[in-house]
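The structure appears right after this line, and notes come after that.
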Amino acid sequence: MVVVMKNNSTPEQIKSVTKKLEKLGFKTHIIHGTKRIVIGAIGTREDLETMNLERLPGVERIVPIMKPFKLVSREAQETDSIINIKGVNFGGNNITVIAGPCAIESREQLLTAAHMVKKAGAQVLRGGAFKPRTSPYAFQGLEEEGLKLLREASQLTGLVTVTEVIDERSLNMSMDYVDILQIGARNMHNFQLLKVAGQSGKPILLKRGLSATIEEWLMSAEYIMAEGNNKVILCERGIRTFETYTRNTLDLSAVSLVRQLSHLPVIVDPSHSTGNTKLVPPMSLAALAAGANGLIIEMHPDPSTALCDGHQSLTPDELNLLMKRVTRMLEVLSDDSAVEMEDVVNG
Amino acid sequence: MVVVMKNNSTPEQIKSVTKKLEKLGFKTHIIHGTKRIVIGAIGTREDLETMNLERLPGVERIVPIMKPFKLVSREAQETDSIINIKGVNFGGNNITVIAGPCAIESREQLLTAAHMVKKAGAQVLRGGAFKPRTSPYAFQGLEEEGLKLLREASQLTGLVTVTEVIDERSLNMSMDYVDILQIGARNMHNFQLLKVAGQSGKPILLKRGLSATIEEWLMSAEYIMAEGNNKVILCERGIRTFETYTRNTLDLSAVSLVRQLSHLPVIVDPSHSTGNTKLVPPMSLAALAAGANGLIIEMHPDPSTALCDGHQSLTPDELNLLMKRVTRMLEVLSDDSAVEMEDVVNG
Amino acid sequence: MVVVMKNNSTPEQIKSVTKKLEKLGFKTHIIHGTKRIVIGAIGTREDLETMNLERLPGVERIVPIMKPFKLVSREAQETDSIINIKGVNFGGNNITVIAGPCAIESREQLLTAAHMVKKAGAQVLRGGAFKPRTSPYAFQGLEEEGLKLLREASQLTGLVTVTEVIDERSLNMSMDYVDILQIGARNMHNFQLLKVAGQSGKPILLKRGLSATIEEWLMSAEYIMAEGNNKVILCERGIRTFETYTRNTLDLSAVSLVRQLSHLPVIVDPSHSTGNTKLVPPMSLAALAAGANGLIIEMHPDPSTALCDGHQSLTPDELNLLMKRVTRMLEVLSDDSAVEMEDVVNG
Amino acid sequence: MVVVMKNNSTPEQIKSVTKKLEKLGFKTHIIHGTKRIVIGAIGTREDLETMNLERLPGVERIVPIMKPFKLVSREAQETDSIINIKGVNFGGNNITVIAGPCAIESREQLLTAAHMVKKAGAQVLRGGAFKPRTSPYAFQGLEEEGLKLLREASQLTGLVTVTEVIDERSLNMSMDYVDILQIGARNMHNFQLLKVAGQSGKPILLKRGLSATIEEWLMSAEYIMAEGNNKVILCERGIRTFETYTRNTLDLSAVSLVRQLSHLPVIVDPSHSTGNTKLVPPMSLAALAAGANGLIIEMHPDPSTALCDGHQSLTPDELNLLMKRVTRMLEVLSDDSAVEMEDVVNG
């Protein structure tokens, strides 16, 4: 960390700051700049929050140097994490597709959806049993009944399953029914839930918050890993910006960057981010080109009757077509690695 | 709601849309525009989410007309809600000040703080027992021990108390110890917690989410009121923008506007929004001038030793001075109502 | 347009509003909603700005229905615009790559760059002669001397050229030297410059403003087309958000959407949007997958000595490798159109 | 500046970076952190842009320490700048109010407006002759005819005048007719215009850009001052955020902060920022409480017929009432300085 002193700070103030830093276990380096004194302090960043150096006389501001995440960082683990769930792998060179309806509405709806997801070639079935809704008057999910249907769909099709949990109760209830627990965008900052998710030992699909920075997103993954659970799959789902023509702004640079900063797999949700079925196919391909390890796509057997998010759900035919295009994209991307290899060898 | 049809939609498509709308209980009006057909549909907005009209052939987009909030709206109740908590009133012409440390750290720290808050003239004591922290490695609060200290501080000073709850467990634990339960910015979209808060019957201080729209904020209040709890105090605490010189961007226009849209009291948190003690006094006065019903201010007996947010905590002396300035501001604001009255009478 | 009346508006107020609308040439439809009166008004949107209906007694708000852009819209022209510049095509199924240094620094630097751009297979050479810089103390460009070098580079290599113009003077000066005039992000709202650009008749590369909505971006293109110049190439270059790990947030959904809303070609600038050379290759591929018609990439013969933006400039080797990957991506994307065709035929 | 090296950087890489820094005239300090090497470099920040240190092998990132603005900074001048224009002062303890119509529409409209502005007690008359409009089809201003009317209005009332200029031509045309030249939000990044404004020697009202950071805003003022023109008045007019219930988000913390960072006067535009006349009075008072040196307010003799922005223009009666409230607020704010004085003396 760097402590920037005010341009009129006194020698006593500088002494007092270095003393406090050293008392806290930091080594200090005083640098006499052209206009002001700057103190370099060597230590670990988490101490920062309890030091309140800005309140010491003469201090102008603190500039942190180190990134705060540890376990999730590429520096902690150089190679990609590969998360194996009943034979389905997330991470590394695998491209994994999750598909299914926003909400589980009925046995017929879910089983039909599951068969279509299977047929299209996706590996994981999604379906919401607990729905966080902006309006208290909207459909809130089938809860345990939905979880049972999800398990049944999995048994019939062999698909791995994922469902969103919204609190400790729904998390506990889901443990025996589903394979992956999703923490939604609105709960990315629900640190209590992150801890319980970490303790559960289950694979966790962690969506980025609506206005979460990349740093905060990785710190939420750090919460889960700090409890000893390494099975974290990150999911970019669009951030909130001033643009209103799309529901959110899908941040694909974040995907590329997080692949560099962290060893964890990152997938992309083109359905919630755009809120527009016409944008789902191009954004799916773009996500893979940007380096995403997979996709999570809303598909409904009959979107126009869906109880939730029908406007952004693909039909089964649209999913089929998209999966074909995904397969082609995979070929070029692996060819592409070949190009890179060849160039490195030759060049 | 207005359904905008594509410019090349067919008469069959239009018929199919109006049929669906009428089946759902809407009355429809077809308007032949210069370039396209528009269908006005009369009904209530919450049905919108489950209708998926965008998926019907020929439909371009849906434009909602009505605001989705009901119970919180000025239309539901014209006069200001006044929330009385042990004799302290929030709302109407009352200006109510909450002050105290970010986190409860020790008996001595809290009792000292409480006496200083009392002496400065604030009516409510804040103190965090459960701390949602971005880093899993940071101090997380004293929990029940902290709540007991808060109750003791209240008994000694007569101050009303508020503490943040972060899940069902901490909410239940806080019921007997504190007077007001705070739902923090990171939990504003935690609908499960909002429901439980509504069922608790306790006064709720509901902070606006980091990137919540005014509409979403009011819908979260609607969640609490929909459970039969009318004692909701809203709190603006800054929103996330591109600006990095301030921690968040305090949105005072939102305060003025919410006072017009809703009957609920709205207070302002100048400490978290700015993250800078030098901005706390001017932003406090600005908040009151903008129409806020009160303030929530971080104060610590010795900010440079605080375990949390010391950099944005006032000292007791700074709080004293601020309270004097608040009192002067109140005089001009009530004088000001006089000006307005006089003008209305004369003009 | 829809005029929403207040819930307590009087019949006289409603009459007065409809009268005003009709006087202005609108046809009106009164719709009696469950809670309030809504007036549908049929006309064209640009009148809106001068009508001030919100100031009429009883009016709550105005909801526009029509999009304000006309000439740039897909409704005005169904087929893609293809802009031919000395044999190089932008738009339709063409993928066109612009590359070169941020700033023209010297004859040697530019000619070296031009040969490398040519060799890598890009079709257009970029190079800044007028540099809009945040700091008045930074390098501001070689001006006319730079333009002459650009023309020379074009004559030697056959590359088409583009340079940014920043006011009427620099635009006029550039007319005889370069093939495409760029309007930068900071000038997207410089309506005076847009008009002059429209009158120039030259192909215009119009970058999206740092915080411009898609609608505003298209309206700026409309300014150019309204002067009779159809040769507009749009360029997405990242928008400003709260995220600080990337310089801007590249908005690829906007690219897909604009391809649907408009007939104009859209290219992507992965260099300025990310500010990070490691993100340039994945974002380039992602842009093409999202439907972009081309790329504009910063390349410098020796980035570590560049006078401007060296940190985001590729080396010639990196550009070469990227162009190989672009070519592979094109194959899959055209294959992909084949998939789609086949599916449409079969299903 | 601080250069953070990668955790696996080699001694040769570190040597090469320090060598380059020293060659560029920096003094360097190597700090051995717990996980990586950090190099402190002492020099001036503007060199940063042309050094491209991120491209040197082993470098992770650059952390600037110094703020880039110089002349506009409080460090360059401790006392408030007071800008005297024909006896009207901006800055220091003065509160100065500018009012008038968005656009000059006719002789009658402007003269009526001017008399009402005078009568209400404001000191400066605003009126647009060159209107930057989002749509090319909207009213664009009376140009020189409007400027003549503005001069006439000034001669009749003694009011100082301000008008927006949008390019070099309109700036030159305005020189003889008006007292203050306004650079609008959309031109804050038009560096060419800023330079010409600096060379003009006229007082400049510099609006903050729609999405300009505080740093960029101050750098634009630096452009004007770097040309030798000290008469810069800053104007906060709302920034673009995700919130759609208000037109922009008025950033009053920026006003307080800029008053601390710079010696230049800062005024606030509550009309454009909110886009809602009901929010203009509370936001005006809040701006003054936040430390603004004045206001710029849209007022139209008959807002419902205004050719531009009528929906956010006050009526003359509303302006009168607001000016009374402003006067009361001034009393409390000067009293308030008294409170502070007294406390400093006693405490």
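Read from first to last, the chains carry the letters A, B, C and D; within each, the first residue is number 1.
The criterion applied here is as follows: a contact is a pair of C-beta atoms (placed from the backbone, for glycine too) under 8 Å apart; a residue touches a chain by one contact, two chains touch by 3 or more.
Note that the structure is predicted; figures quoted are calculated from it, not measured.
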Shortest contact path, subunit A to subunit C, counted in steps: 1
Numbering shared by both copies at the subunit D-subunit C contact, with half separating same from different: same
Subunit B and subunit C: spacing of chain centres that average the CA atoms, whole Å: 38
Approximate Å spacing (C-alpha centroids) for the pair subunit B, subunit D: 30
Residues of subunit A engaged with two or more neighbouring chains: 211, 240-242, 244
Touching residues on subunit A, where the partner in the complex is subunit D: 2, 4, 7, 29, 31-35, 38, 40, 42-44, 63, 65-66, 75, 211, 240-242, 244
Touch list for subunit A against partner subunit C, complex: 211, 213-215, 239, 241-246, 249-254, 256-257, 260, 273-274, 276, 278-279, 282-283, 285-291, 317, 320-321, 324-325, 328-329, 331-332, 335-336, 339-340, 343, 347
Residue numbers on subunit A that touch subunit B, as the complex places them: 46, 49-56, 68, 132-139, 166-170, 186-187, 189-193, 195, 210-211, 216, 219, 222-223, 226, 240, 277, 303-308, 310-311, 313
